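Below is the structure I would like to discuss, written out as C-alpha cells.
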Amino acid sequence: MVAYQSGFGHTAAVARSVVEGAKSVPGAEVTLIDVDTLPGPGPDRALPDAWMPLNEADAIIFGCPTYMGTVSAGFKRFMDHTGALWFTQAWKDKMAAGFTNAAGLSGDKLNTLVAMSLFAAQHSMVWVSQGVFMEEGGINRMGAWLGLMTQADNAPPEQTPPPEDHETARRFGRRVAEATARWVRGRA
Amino acid sequence: MVAYQSGFGHTAAVARSVVEGAKSVPGAEVTLIDVDTLPGPGPDRALPDAWMPLNEADAIIFGCPTYMGTVSAGFKRFMDHTGALWFTQAWKDKMAAGFTNAAGLSGDKLNTLVAMSLFAAQHSMVWVSQGVFMEEGGINRMGAWLGLMTQADNAPPEQTPPPEDHETARRFGRRVAEATARWVRGRA
Amino acid sequence: MVAYQSGFGHTAAVARSVVEGAKSVPGAEVTLIDVDTLPGPGPDRALPDAWMPLNEADAIIFGCPTYMGTVSAGFKRFMDHTGALWFTQAWKDKMAAGFTNAAGLSGDKLNTLVAMSLFAAQHSMVWVSQGVFMEEGGINRMGAWLGLMTQADNAPPEQTPPPEDHETARRFGRRVAEATARWVRGRA
Amino acid sequence: MVAYQSGFGHTAAVARSVVEGAKSVPGAEVTLIDVDTLPGPGPDRALPDAWMPLNEADAIIFGCPTYMGTVSAGFKRFMDHTGALWFTQAWKDKMAAGFTNAAGLSGDKLNTLVAMSLFAAQHSMVWVSQGVFMEEGGINRMGAWLGLMTQADNAPPEQTPPPEDHETARRFGRRVAEATARWVRGRA
C-alpha cells in the first residue's frame, strides 16, 4: 500500500515508480492511494470504508512533497484524520516507510521523513529505512537514509525527477516489499 | 504578533498568556490572530489583506497543538499559504518564536517546534529561543528550550494546562517582546 | 544486544531493565555492552574483535543520556567508530531501537531518539518503535513513540528513574525482542 | 567567533570562508577556533581560560562535518563540555548560527543543523538562519535554510567543496556578522 499526496504530479510519478518496484516482488499486492481522495472521520470519529485498504495492509509507504520545511498540508490532514486509529493502535506492527520530493537538493526533505517516521511510531509501526546505497549513475544521489528523497526541477513530471531518481524509487519499493514479505512470513 | 491555531481551546488559552507577557514590555503592540481565519492566496497567488498585520509585524510567534507528531493540519495549511511570501522573502529578518501544547509530557512536541523553526528559517527569520530556565514551582516544567512547551490534560482550557504553564508562557512572551524591541532598536 | 552509554548510572540501570524485558521472550539471547568499553578502529580502519557481538546480533538497541540536546559525546564516538561498517553496510537489515534518559520531562530527548534512528537508517537497519501505550500508573508517562524515554531526578540510580519507567523499559525490551524473533523467523 | 571541528580539512576551509565573509562587515572582529584544541572542564567543572574568547563573543557560529547522521564526535565533546556554562546560562542572548559539510548532497546535514540549533537554544541563544537565497551559479545550491550546508567530494579541501559553496559561506558569514552588529547596537 502506497499512500501519497502530490501537488504538481511529481510525487505522484515517484509513487508510481515505488509501486512498480514493490510489485516486482513475487506475491506482493500493491495499491496506490491518493490521500486527498480519502474522506475524514464522520461525526462518530469513525473513518469511512475508503480507509479499509489502509487498515488491512501489511505495510504502508507514505509519500508527499516537502513544502515549507515538512510534509504538505494535504498529507498532514491525512495524518490528523488517523487520530481514532491511533487511539486503538489499529496500525500497530504494520511496516512503514516514506518518501518525499522537493525542488531543492537538500531543502528540508529530511524533516519530512522524520515527521513521517514519528507518525509511524505513534502508530507503533516498524520503519523500513531507504536501504539503497549510493552508486555511480545517480542511484540515491541525494544520500538519503531514513527514506527515499527525490528532486524535481521546475518542469513537468514527465521530465523531472530524472530517471536515476525513478530507478532509486523502484529499488526502494522493492526493498520495502521484500521486508514486508519477510515480516509477514515471520508471524507467529 | 502571535499567530496560532487551536483545536480544543488549550492552545488558544496559552496564546493569550503569551500575549499578556509580551504586552508587559513597554511599547510592545501585540496582536493575536487565529490562523484558521486567514484566507489562502487568490488565483494570482497574492494573499488577501487579512495577512497585512503579519507582513507588517516585527516579530511573529507561532503556536499550535502537536497532533500526530508535528504541527496541526490547520497550522500546516497556514504554513503552505505563505509560499508566495517565501519566494520574495518578504518576512526576512523578522523575529520568530514558537510554542506548542499537547496531552503528553514529551510527546513529540519537540518536533513541532523544530518544524516551526525550519519554517521560520525558510523565511530567513531570526529565532528567539524559549529562554525561561527551569525553576521550583513548575516554571518550564517540561524542560523546553527551542520554544515553549505546555501540557494539557483531558479537561477544559479553564483547568488545564496548569497555572505554572501559563506563567511560563507569560515569561516567554515577555522574553520574545524584549528581544524584538532590542532588534528593532538596532536597525541601522 | 543492548549497546548503551551512561554518565551517572541512570541510563545503565534503564538498560538493565530493557535487557530484563528482552530476556523474558523465549529463545532470546541478550547481551549488554557499555560502548565506552569498545575500542575504536585500528590504523587499517578495521574494528577490534570486541565488536563481534554487535556484528553478529540480530538486533541492536541503542541507549544513552540526552546531553545538550542530543546523544552523549561518548555515544557519538561509538557512532562515528562504525564508519567502516557503514561503508560495507555490514549491519543492513538488523533490527534497531533506542532509548534515552534525561533530567527534563521533555528536554530534547526526542532529538536523541531521532539521531539514533537516523544512525540506524544509515546502516539500513529496520527501526522498531516504542510500542508501549500510555496507561494509568505511569506506563509510558512521557508519551514517547519513536523510542523509550525515561526521566531521572538528581538522585542515585537506585531511586530514580521511578519504578514505572523501569516497567515501561521492560515492556519495551520485550517488544523489541518479540519483533526480532518474528523478523528472524521470517528470513527466506 | 567561529567555533568549528573538522575531520579532513573541508569544514576548516569552509570555516575560513565564513570568517572572510564575517570580516567584511565594518567593525566586526572575528576569531576562528578549532574546538578540538579546547580543553575540557577541570575537576571543579570550571572551563580553562582558552574558553574566554567564546564566553566574551557577541555571537558564535558553530560548524562541523555531518558524520553518521549528526554532529561529529569531536564537536559533540565540545558541546558536552559546556554543561557548566549551560547551568549558569552564561551564553544567554548571544547570537548563534551553524554550518555543516558532508559528502552527500542531502545526507543528514539537516539533522546536524537541528542539533546545533537545539544546543544554542539550551544556551538561550538567538539563532540566525542561513538567509542566502538560491541563485543561478550555485549559490545555496543545497537549498539550505536553518544554516549553511556545503558538500565536498572525495578530494582535497583545495578542490572541494566547489567555489560556489565557498561564496555561499562568505555571504552567510556576512549575514551573521550584520545581524550581530544590529543585535549589539540594539542593547538597551
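Miscellaneous remarks
By written order: A, B, C and D. Residues from 1 in each chain.
Note that a contact is a pair of C-beta atoms (placed from the backbone, for glycine too) under 8 Å apart; a residue touches a chain by one contact, two chains touch by 3 or more.
The model shown is predicted, which means the values in this text are computed figures rather than measured ones.
Greatest centre-to-centre distance from chain C is found for B, with centres as Cα means. If you compare A-D with B-D, the chain pair joined by more contacting C-beta pairs is B-D. Separation between the centroids of chain B and chain D, computed from CA atoms only, is 26 Å.
Averaged C-alpha coordinates put the centre of chain C at 30 Å from the centre of chain D.
Centre-to-centre separation of chain A and chain D, using mean CA positions: 34 Å.
Annotation for chain C: residues 69, 108, 111, 114, 118, 121-122, 145-146 touch two or more other chains. Chain contact topology: the protein chains form a complete graph, every chain touching every other one.
Chain contact summary for the complex, chain D toward chain A: residues 69, 102-111, 114, 134, 141-146, 149. Within the complex formed with chain A, the residues of chain B that make contact are 67-73, 76-77, 79-80, 82-83, 86, 108, 111, 114-115, 118-119, 121-122. For chain A in complex with chain C, the residues that touch the partner chain are 89, 92-93, 114, 117-118, 120-122, 124-131, 133, 145-147, 179, 181-188.
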